[in-house]
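Paired with chain B in one complex and with chain C in the other, chain A is shared by the two complexes that follow.
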Partner chain A sequence: MPEKPVLFKIRRQASPAQKAYWEEFELAWHAGMNVISSLMEIARNPLTRDGKATTPITYDSNCLEEVCGSCAMLINGKARMACSALVAKLEQPIRLEALSKFPIIRDLSVDRSVLFENLKRVKAWVPIDGTYDLGAGPRLTMEDQEQAYPLSRCISCCCCMEVCPQFNRQTGFVGAATISQVRLFNTHPTGAALKRQRLQALMGDGGIQECGYAQNCVEVCPKDIPLTRSISEVGGAVMKQAIGDLLRR
Partner chain B sequence: MAPNPNIAVVGGGLAGLAAVIKIAEMGGHVDLFSVVPVKRSHSVCAQGGINAAKNLKGEGDSPWQHFDDTVYGGDFLANQPPVKAMCEAAPAIIDLLDRMGVPFNRTPEGLLDFRRFGGTLHHRTAFAGATTGQQLLYALDEQVRRYESEGKVTKYESWEFLSAVLDSRRMCRGICALDLRSMEVRTFPADAIVMATGGIGAIFGRSTNSVVCTGSAQSALYQQGCYYANGEFIQVHPTSIPGEDKLRLMSESARGEGGRVWVPKNAGDRRDANSIPETERWYFLEEWYPKYGNLVPRDIATRAIFKVVYEHNLGIDGRPMVYLDLTHIDRATLDRKLEGILEIYEKFVGDDPRVTPMKIFPGMHYTMGGLWVDYNQATNIAGIFAAGECEYQYHGANRLGANSLVSCIFGGFVAGPSALNYARNQSSATTNGHFEAERKRQEEINAGLMRAEGSENPFRLWRELGELMTKECTVIRSNKNLEQADGNLVEFLERIRRVNLSDRSMWANTSFAFTRQLYNMLQLARVIAQGARLRDESRGAHYKPEFPERDDKKWLKTTKAYFAPDVDEPRFEFEAVDISLIPPRIRKY
Partner chain C sequence: MAAAPSTAAPIKLPGGVSPLRAGQGHSFLWRRLHSLTGIVPVGLFLIEHFFSNAYATKGPGAYTKQVAFLSSFPFVVTLELLGIWLPILYHSLYGFYIWYRGDSNIRDYPWAGNWMYAAQRWTGAIAFFYMGWHTWHLRFSGVHILTYPAAAFGKVQLEFHSPAAVAFYAVGIFCASWHFAYGLWLFAAKWGITQGPVSRRRWGYVCILIALVFMAVGAVTMHSFMTTPQQPVEPAASELDSFTMR
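Moving on, here comes the complex of A and B:
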């Protein structure tokens, strides 16, 4: 275990309009440090490595248990959650940067609302009649539950979109997370009522055909969601529906 | 009379979203405010499950039994009628969540599976793996997104509540909020508001709570005249994973599925856990509480662990930790029912709990206290309603595991319609000068903060606050120390006036937003410390060795704190508890 000081290089940017720059920080080593606890330490003592006063780092975080999806950033170039990035397991200096494919807000904080907009576009919900008491839901086998549950653990961190070569302004690709949610809701007995509309939303520009099968998404997913499997299943369904629509015309 | 009122809901966790759904369904419009995108709210951290007496295991469970367990578990401090209503509503809430698509674990027949939790002898807890809160929050989030796409809900994410806008009759007419990006202060008119701003863990520095659980909004309302009830009742969860930045929760479901708590019988036993033979392990909970074993309620398990560690000096390696052991359970069962939490332990500690017993210790987890509300979830200020952890209503002196999720959703389901009905019966305000006045008041506070030329770092001050509160206001309390702690809090309130914001920019300035929260945390901390000082008895989570017994004659009462602006500190009143349904009896597990 390293017991010498821990070195951080952090890419800072005061606002979207201003230029980015790097700052270095040196922290005393202690067991159990992770990237978030280090950022908290910098806030308690906002001095750069050469002793210059600076501002605490702006970053997104909330649960610190890797379940809220807030603290995704680039750590040594890799998209991942900062709370579960243990300093002892990272190469130094530890480089921290904001995710690169989302509008920057400040320092390590970005705007990922695009994912929530995409979820609206594909109607990622079960269309229930109302919240009054209508009795139990549909029965599900243990297997069905075991297939749905992992898909439902997506934390909307957007790492899969960050690492996808096709996720960019030119393609407008919705990205793996949204496609996987389509699979989740299309396989739910009641959710399937909107199946056609969801698949329709994934046709055309920015839809599922933009996927280039780079498979980066499934590699980077912190929750090990079978994203490529989702893409291939939903892709097949979109294709089938598109052909059906064509023949029906 | 507004036929389609506009309701401001503050907070997008389970309680807030539950209120939003009801209001939208009943024809109201909602402005939904949250400091984080609502899908990232703290409700995601709830792990083990949600209670409802569905009686699907042939055990003769019933809503009445659930009600009795809850009231008894809470040491009779909760008003009984709303608790009964919650327990009666719980089975239909589970059905609704099931219809919304929550992937609850199933039995071979395809029905919902239930597990055991603390403080009951029944299998009453429905669960989705060990990430039940996440799954529930997502289900509600999806329904709210549906209403958002229909124009019935407008989200204001990344906005922080600063205060309620009160008119000259002290009726609530809207809220004043801060845009956490542009730092703009704005007022939003509303016909009623629902507060659902969650827990207060940050007051204790490190806790199992998320970063946003500061209690700042509740404190702001308390300072504006809302009663804050039972603040001294703080739940310390027996099993958390100590960490640098937070205490990560290790769900009670680990014990619900058979996990056993033990320490080596011999102090200083340095052997690896797995090589300590059965005969040299002390399963103290099973020994002390043969009926409930490892599933005694949280306050009891926490005090037992404290006793073993600090009185018997039997913490692992002499350190404040005990074992929570799952290694006797087969891997497939663990993965099917507990994977989410095992993964957390593995990722953050580095050991596999399927093979190695986990090392855990109690950590601050939940506040039973909160904004005072009536049975319609209305606070004492007209037009302000509250639901979820930020109010006090359902858990008495100690909350049972897996009751928080059901109280959030039930509370939201009551608060939403109550707020809407209230709004429909109100005439609109005659003047609106109070909006401008409130905005100016908040902007002046902000300007003062930006101007301050002191030397106090708010994050360091926060750490001191957390250490003080954890030491004096959690498991074991004494009057002398509580008095001293309150004195320290007064000093902290002085020191925060001499703050130095190292960041004075007007864009996404987190130090600035945090310092405002910290001021409110300090004010609320005094309510907790003084409330604990006043209550000379032991009840539920409030344990004072000087007064080791429950004293129903003097203290079967709700504590109600209110803010006295002239002296800048809390004052207290006490209110009788409604015990009309179950007569109090001695609580002994």
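Moving on, here comes the complex of A and C:
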């Protein structure tokens, strides 16, 4: 156990348009500290390593137990959740940077609204609104529940998109999380009402075809969601629908 | 009920990835066509090509017969053009375009699948330059093999006259075998044929076997060309008579 001080190198940026710069921080080591608790300590006493006063670091976090998905950042160059990144298990100096494929708002806080926008475009919801009470929906079979539950654990952290070689500005690829949510809502007996529209949406530019099956998404996902299985299943469903539509037309 | 698509513009900061363009564009068609051409017809042609060349292991006579058989197809040049050249050209050029638009990141994320993603691009590119060299030498320059099948064996033998050329052929065969075999694996994963991790792993073993078979057949074929005494490359007089009338 390292009892010496803990060293952080943090990439900072005051606003979306301003230039980024690095700052170093030194904290006293204590048991159980993680990256978010360290950022909290820096906020309480915002002094750089050489004692200069600075501003607290901006970052997103909420649950502190890896269920809200807000604290994703690059830690030593790799995308992961900061609240579950234990300092004792990290190489020092610990480098913190904002996710690289999302616009920086300030410091470590990025705008991940693209995922929300993608979820809307594939209609990732169960349509239950009507002008009258539609009553209880059909029951999910036990088997479907077992398939659906792991998918429903997505925390929208966007790690799977950050590490995907195909998710970038040239492709505008939708990313694994959204594809997996299509599978989740198509599995749902009431959600399946929008199945065709969801699959159709995934055939648009930036759709499922852009996946090169590098499988980084499934490696990184903090919730162990079977993303490659989702991509294969939805990939097959999309092909079936595309060919079917061609023949029915 | 399905809600109307959102009209509110999302907050736009510079540098972001644009969201899915649902219902727009044709990239689905082009990308899936790229995937398909890798198997049909390019992959099928690769199988045929390795198989036909393996006739070299049965000696120059058998090899000449096979070349003559392939050359005897009706509309042979049209078949070549539509069944081989255009699909390979499409798969290659679109493959380079796919490569250009992706951001390989094995330095940050050195995982097996990510390595294979990068390898699929490099093996494709090497195969591309190899095929350019190979077809220029054997199909588009020198004695015309389609017209003079008996010259084919000797012409291939001439390819192996320097160790560098032998190495280049070995690398070309290795890359084409690898690219095709992993391509079969990718195709099954992307088109929803192998959906679960177990079936993907098992199909992976089969694909490794396919790669090894291709490499072995390639090696044995090269060995036959290199160990047989040099065959004549000039078309024989009798052949000239029978073929010039065509």
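Just so we're on the same page, the second predicted complex is superposed on the first by the 240 of 249 C-alpha atoms of A that agree within 3 Å, B and C clash if a C-alpha of one lies under 4 Å from a C-alpha of the other, contacts with A are read in each partner's own complex, and residues count from 1 in each chain.
As a working rule, a contact is a pair of C-beta atoms (placed from the backbone, for glycine too) under 8 Å apart; a residue touches a chain by one contact, two chains touch by 3 or more.
Remember, it's a predicted structure, so these values are computed and weren't measured experimentally.
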| item | value |
| --- | --- |
| Touched partner set for A:Q197, first chain B, second chain C, both or neither | second |
| Chain B versus chain C as contact partner of A:S113, first or second or both or neither | both |
| Which of chain B and chain C A:C211 touches, first, second, both or neither | second |
| Chain B versus chain C as contact partner of A:R139, first or second or both or neither | first |
| Which superposed partner A:P127 touches (first chain B, second chain C, both, neither) | both |
| Contacts of A:V163 with chain B and chain C, given as first, second, both or neither | second |
| Partner chain in contact with A:S15 - chain B first, chain C second, else both or neither | first |
| Which superposed partner A:I105 touches (first chain B, second chain C, both, neither) | both |
| On chain A, the residue positions that both chain B and chain C contact, one per complex | 105, 113, 116, 120, 123, 127, 130 |
| Touch list for chain A against partner chain C, complex | 16-17, 77-78, 101-105, 111, 113-114, 116-118, 120-123, 127, 129-130, 161, 163, 165-174, 178, 194, 197, 200-207, 209-216, 219-220, 226, 228-229, 231-237, 239-240, 242 |
| Residue numbers on chain B that touch chain A, as the complex places them | 21-22, 25, 36-37, 39-42, 44-45, 92, 95-96, 98-101, 103-112, 128-129, 131, 134-135, 138-139, 142-143, 145-146, 148-149, 157, 181, 210-212, 243-246, 248-249, 336, 340, 344, 347-348, 350, 413, 457, 459-460, 463, 502-503, 505, 507-511 |
| Chain C residues within the chain A interface of the complex | 1-3, 5-6, 10-11, 13-28, 31-32, 98, 100-105, 108-109, 111-114, 116-117, 120, 186, 189-197, 200 |
| Touch list for chain A against partner chain B, complex | 14-15, 30, 32-34, 36-37, 40, 43-46, 53-56, 58, 60-70, 83-84, 86, 105-107, 109, 112-113, 116, 119-120, 123-128, 130-131, 133-142, 144-146, 148-149, 152-153, 155-156, 185, 188, 190-191 |
